[in-house]
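Presented below are the structures under discussion, each in the form of C-alpha cells.
Consider the two complexes below, in which subunit A is the common component and subunit B and subunit C are the respective partners.
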Partner chain A sequence: MNKKWILPTLYILFLMLPIYGLLTMSFKTTNEILGGFSFFPQQFTLANYTKIFTDPTWYNGYINSLIYVVINTVISVSVALPAAYAFSRYRFLGDKHLFFWLLTNRMAPPAVFALPFFQLYSAIELFDTHFAVALAHCLFNIPLAVWILEGFMSGIPKELDETAYLDGYSFWRFFLRIFVPTIAAGIGVAAFFCFMYSWVELLLAKTLTSVDAKPIAATMTRTASTSGYELGLLAAAGSLTIIPGAIVIYFVRNYIAKGFALGRV
Partner chain B sequence: MRKSTNQKAWWLVAPVLLLVAFNAFIPLMTVVNYSLQETFGDNVFFWEGVTWFEQVLRSERFHASLLRQLLFTSMILAIEVPLGIAVALSMPRKGPWVSVCLVLMALPLLIPWNVVGAMWNIFALPDIGLLGYSLNSMGFDYNFTQQPVSAWMTTVVMDVWHWTSLIVLLCYAGLCSIPDAYYQAARIDGATGWAVFRYIQLPKMKRVLTIAILLRFMDSFMIYTEPFVLTGGGPGNTTTFLSIDLVKIALGQFDLGPAAAMSLIYFLVVLLICWVFYTLMMRNEAQ
Partner chain C sequence: MTIEMHNISLRVGAETHIYTTDLSLEAGQFNILLGTTLSGKTTLMRLMAGLEKPTTGELRVNGENVTGIPVQKRSVAMVYQAFINYPSFTVYDNIASPLKVAGLPRNEIDEKVRRFADLLKLTPMLDRLPSELSGGQQQRTALARALVKGAELVLLDEPLANLDYKLREELRDELPRMFADTGATVVYATSEPLEALMLGGYTATLNEGRVVQFGQTSTIYRQPRNLESARVFSDPPVNIATIEKRGNTAYLNDTVSWKVPSKLAGMPDGKYKIGLRPHHLSPEFGGVKVNGQVQIAEISGSESIIRVNIEGNNWVSEAHGVHSFGFGQSAAFFFDAERCFYFDANEKLIDSGV
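Showing the complex of A and B:
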C-alpha cells in the first residue's frame, strides 16, 4: 500500500525543482551565477531583493499589476453575480446562446485581440492606464466568473428564493441580504480565479501599457532582453510574483478543481 | 433544476453583456475590417475581398505553424492525461497530507506565465541552470537555444510541469465523489485493480476528464507567453506556435491584412472546439 506514495512524491519533487532553481538563483550574486553552476548559493546575498524594493521601476511594476488586478476582480465579480443568478434561475430568450457566447470569450486567444485592443484603448484615450488593462481582462474574467458562480448557485435549492419572496422580500433585498451571504464561498472562489487569471496574463497587459501602468511581467521581459546578465535580479522578481498565489491558495484548496473546471465539477 | 421563464432576467445579464461585448465585438469587427481591406496608412482602405484569406490558407508559413501547434497540443495531451490520471489515482483520499499535496500541486498553476517561461529558461540554461547543467554533466549534449529537439523537449516538459496539476486536481475531485460502498462491493466481488479502474473509477472520472482534456486542448492551442519567453519561437522557427506567429505578423511586421485573416481563421478553429466543449458539457449536465 505504501508504494502508492512514490508517484505523487516524485511528481511533487518534479514540480518543486524549477522553483528551487529560481529561488537559489535569486540569492546568488551575478558573478557567482555566471561563474558556473552551484546547487547552493556560495555567497548568500539579498542584494537582488534590496534592488527590487528600492528601485521604483521595479516595485512600481508590482503596484501597477496589483492595482489593475484588483480593479478587474471587483468589476468582474460584481457584474457576474446578477448574471449568474439569471442563468441559474431563469429561462429567457437566447439564454443558452448567450451562455455559450460567454464561453467563447474565455477561450478566445489573446493574440487575436492584441492589436485591435491597442487601437480601441488608444482611441478612447485609456492607453497606458490601469483601467485599460482591467477592462481588457474582463474579456476572459467575466465569462469565467459567470460560469463559476452559476455552478455554485445551481447547487442552492430554489426553495430558498421562493420562501424569501413569500416572506415579502423584494428581489434586490433578498439577493444582497440572503443570497449573496449564502454563496459567499462561491464568490471567494470566483474572485480568486479572476485575480489569478488577471495576475498571470502578460500579452494584453504588455500591449496596453507603456510607462505609467507597466506591469511587473513586462518589466521582467524587458529586463531579460535588454540586460541579459542580471539573472539574479530576474530570478528574485520572479520569486516575488509567486507569493500572492501561494498565500491565497490555502484558502481555496478544496475548491481549486471546481474553479479550474469553470464551476462544472 | 426547474427554471421559470422570465424575460426580465435580461436586465440582470445586461451589464455583463455590455462589458464583454465592448471587449469582444468592437475588436472583432476591427479584425474583420482589416481582413477584407488593404491599407497603406492614413486611414485609407482599399477593398480586397477574400484575397488575404486565400493567401493565408495557401501560405506555407501558416501550414507550418498550424502543424507545429497540432503536434505540440497532441504531445502535451499524450503526456499530461495519463500522468495526471496516474497521480490522481495514487493520491490518498484522506489524511493530513492531502491538503499539503493539493497546495503544492496547484502552485505551478498560479505562477504568472512569463515567470514560468523565465523560470524554465533559467532552469534549462546549459552551463549554469540546474536542468541544463545536470543533463550536460550526465553526458547529454543539451542546448535549448541552439538545438531544435532540445527546445521542443524543454517546451513540452515545461507545459507538462505547468498544467498536469490541472488534470490531477480535476480527476482527484472526480475520484473523491465515489462512495466507499462501491469499493467494498468491488472487494466482495473480488474485482482486480484494473477492473476497479475500468468499471468504477473511469466512469466516475469521465465527466471531469472530458472537461480537463478540452480545457487543456484549448489553452494549449492559444499558448503564447511561456514559449515566447522560453525560446522566443526559436531556434529559427522551430517553436513558433500559432499565437507567436500571429503576434510576429501583426505587431512585428505590421502586415495587418494577413494577420487579421489569420486571426479569424484561428478564431473559427477555436470556436469550433468551443462548441464541441459546450455540447459535451451540457450533455453531461443533462444526465
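Showing the complex of A and C:
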C-alpha cells in the first residue's frame, strides 16, 4: 500500500497548528483565552474583527502598511529592472564586486540604520510619512530585487535582444514590449519578496512613524495597554495580516522556489 | 546587396577573435561559412550584421561604408541556432513584428504574414505561443520572421543544427529556394562539410578566426588551396602523410611508392605532403596498396568507418559495404594515387589530382 502521503500530511498539520491556534483565538473573548486551553471557541464572537474594522486606529494601521508596502514594491522593482538588466547583459569595471556589494546591504541588521534614518528623515521632514518607510525599505529590497531579476534575466538568451534590434526595435521599445513580458514571472517573484519583507518589517517602520503612517505591526504592539491584555483582538489582527501575503503568494506560487534561489535554478 | 569586408579584424582584450579578413559577397548569392566550433563563423556573422564592432577595418554595403551604423538602421535579418522567438508573442505577432516596427499598414502586414506562414507551413499555429510549438516549428517561425522582413542580407547561424534529421533534410532543401526568390544575399554558417556541399553556392572555409579560402563550393571542395582548407572541408578528417619525392616517384616508405602526377613531377625532389579523402581509401582492391593495423571499425548501415594506422599515420577509411575488423588486425588498404591532394612544404596545394 502507498503510504507516501502520511509524512507530508503530518508535516503540514504540524505547520498549520500555530495558525489554527491564532485563528480560533481570534474568535474567542480575551477572558476565554486567559481562562484555559480549548480547540474550539466556547463563546464564538466576531467582536474582535468588528473592533478592527470600525476603529480607525486599527484599520488605519492596515491602510498605512499597505500604502508604504505598495510604494516600496513599485520603487524597488522599477529601479531594480534596469539595474538587473545592466548586470545581466554588460561587463563593466567592477561589475562583480558591485553586484556582491548590493547583497551585503542585506547583511547589516536594520537596527544599525534605525537611528541615522530617524535623524535624516526628521531633518528633511519626511518623518511619519508613508514615503519615509517605503524609502527605508528600499535599502533591503532593491538589492534583493536586483539579485532575483538578474537571475531570471540571465536565463533569457542575449540573442533575443539582438533579434529585436535586428527587427528594428529601439532599446526601450524592446525592453518594455518584449523583455518585460518575457520575465513577467521574475517580476512577480521579485515583487512578492519586496512585498513580504516590507509587510513584516517592524523596526524601521515603527521608528520612522508616529501617528499618520503608523503600520499595523506597530499598532499591534500597543494592545497590552490600558485595559490589560487584549489577546482576542491581537489574534484577530494577526490573522488579518496573513491575508495580503497569501493573496500575493497565490499569483506567483509556481515560481516561488526559483525566487528563493534568487532566480538561479 | 554586396557585402565587402575590408581588413576587418576583431580583438577582445588580448584575444584575437577574427584575424584580418577580406571577404566580398556578391548580391543575391548563397554563401556558406564552413568551420568547426570556435572557428569564428558566428563572430564573422555578427560583424556583418553590425552586432559587433570591428577593431580594425570597414564593412561596405553596396560600396558604402556602414561600420558603426546601428543594426536597427540596416537591412539585416538573422536566425540563430537556438530557436529565438519572442516568448510573449503569438506566432502571428512574432512574424509580424519587424513589419509592425517598420510601420506598415495593417492589411499589408496581414497579407505578408499569412503568405509566409503558408510558405513555412505555420498557418494552423498562428495563434499559438512559441513555447507551445515543436523545435522545428519554432525554427520555422524564426525563419518566417527573417523572410517577411525582406532584408537584403540574411544571416543563418547553423539554423538546422538543433533539428532532428528528417526536418533538417526537408528544410535544407527548401531554404536556398525560399531565399532565392527574395533576391537576398544569404550567409549560412555550418560545421558540416556535407551540408555545405548540398547547399551549393559559395563557401568560405574558416579556421581559428581566419578565412582560409573563399570561392564556389564545388571548387573549394575539389581544389582546396592548402591543407588547412582541405581539413576544414572534410568529414571524417582528411588523411595526411608525408612523402618523399624522387624523380617521378613518390615514396611513402621503402616499400610503398607510386608514380607522381605531372605537376608534381616538375617540382624539385624532397618532402611533400599528401591529403587523401577517407572515401578514397578502401579495403577493396585497386590502386596503391598500403598495410595497416585497424584501430576500430564502426559500421553505420551500409557504410564502414575504419580507423587504421598506416605507416605511423592515423588514417580513416570510409568504405561502402560492411567490413568487419578486429582490434589490431593487419589489413591491406588501397587508394588511387590520382585522387590525392599534393601539398608543398608550406602546405600549399600543388596538384588536386583528378
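The rule is short, and it goes like this: the second predicted complex is superposed on the first by the 257 of 265 C-alpha atoms of A that agree within 3 Å, B and C clash if a C-alpha of one lies under 4 Å from a C-alpha of the other, contacts with A are read in each partner's own complex, and residues count from 1 in each chain.
By definition in this document, contacts are C-beta pairs under 8 Å (C-beta built on N, C-alpha and C of every residue); 3 or more make two chains touch, one makes a residue touch a chain.
Quick caveat: nothing in here was measured; it's all calculated off a predicted structure.
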Contact-wise, after the overlay, does A:Ile63 reach subunit B, subunit C, both or neither (first, second, both, neither)?
neither
Applying the document's definition of touch, where does A:Glu201 land relative to subunit B and subunit C: first, second, both, or neither?
first
May I ask you to decide whether A:Lys258 touches subunit B, subunit C, both, or neither, giving the answer as first, second, both or neither?
first
Count the residues of subunit A touched by subunit B and by subunit C, then name the partner with the higher count.
B
Partner chain(s) touched by A:Leu46 [first = subunit B, second = subunit C, both, neither]:
neither
By the touch definition at the top of the document, which applies to A:Ile33: first (subunit B), second (subunit C), both, or neither?
first
For A:Leu176 in the superposed arrangement: first (subunit B), second (subunit C), both or neither?
neither
For the subunit A and subunit C complex, residues of the former touching the latter
157, 159-160, 162-170, 173, 178, 181-182, 184
Subunit B partner contacts - residues on subunit A that touch it in the complex:
4-8, 11-12, 14-22, 25, 33-34, 36-37, 39, 75, 79-80, 82-83, 85-93, 95, 98, 100, 102-105, 107-117, 119-120, 135-136, 138-139, 142-143, 146, 154, 158, 196, 199-203, 207, 216-217, 220-221, 224, 231, 234-235, 238, 241-242, 244-246, 249-250, 253, 256-258, 260-262, 264-265
Residue set of subunit B touching subunit A in the complex reads 1-10, 12-13, 15-17, 19-20, 22-24, 26-28, 30-31, 83, 86-87, 90-92, 99, 101-115, 118-123, 127-131, 133, 161, 164-166, 168-170, 172-174, 208, 211-212, 215, 218, 221-222, 224-225, 229, 242-244, 246-247, 250-251, 256, 259, 263, 266-267, 270-271, 273-275, 277-278, 281, 284-285
Write out the stretch or stretches of subunit C touching subunit A in their complex.
49, 51, 70-72, 76-78, 80, 82, 84, 86-89, 97-98, 101-102, 142, 145, 149
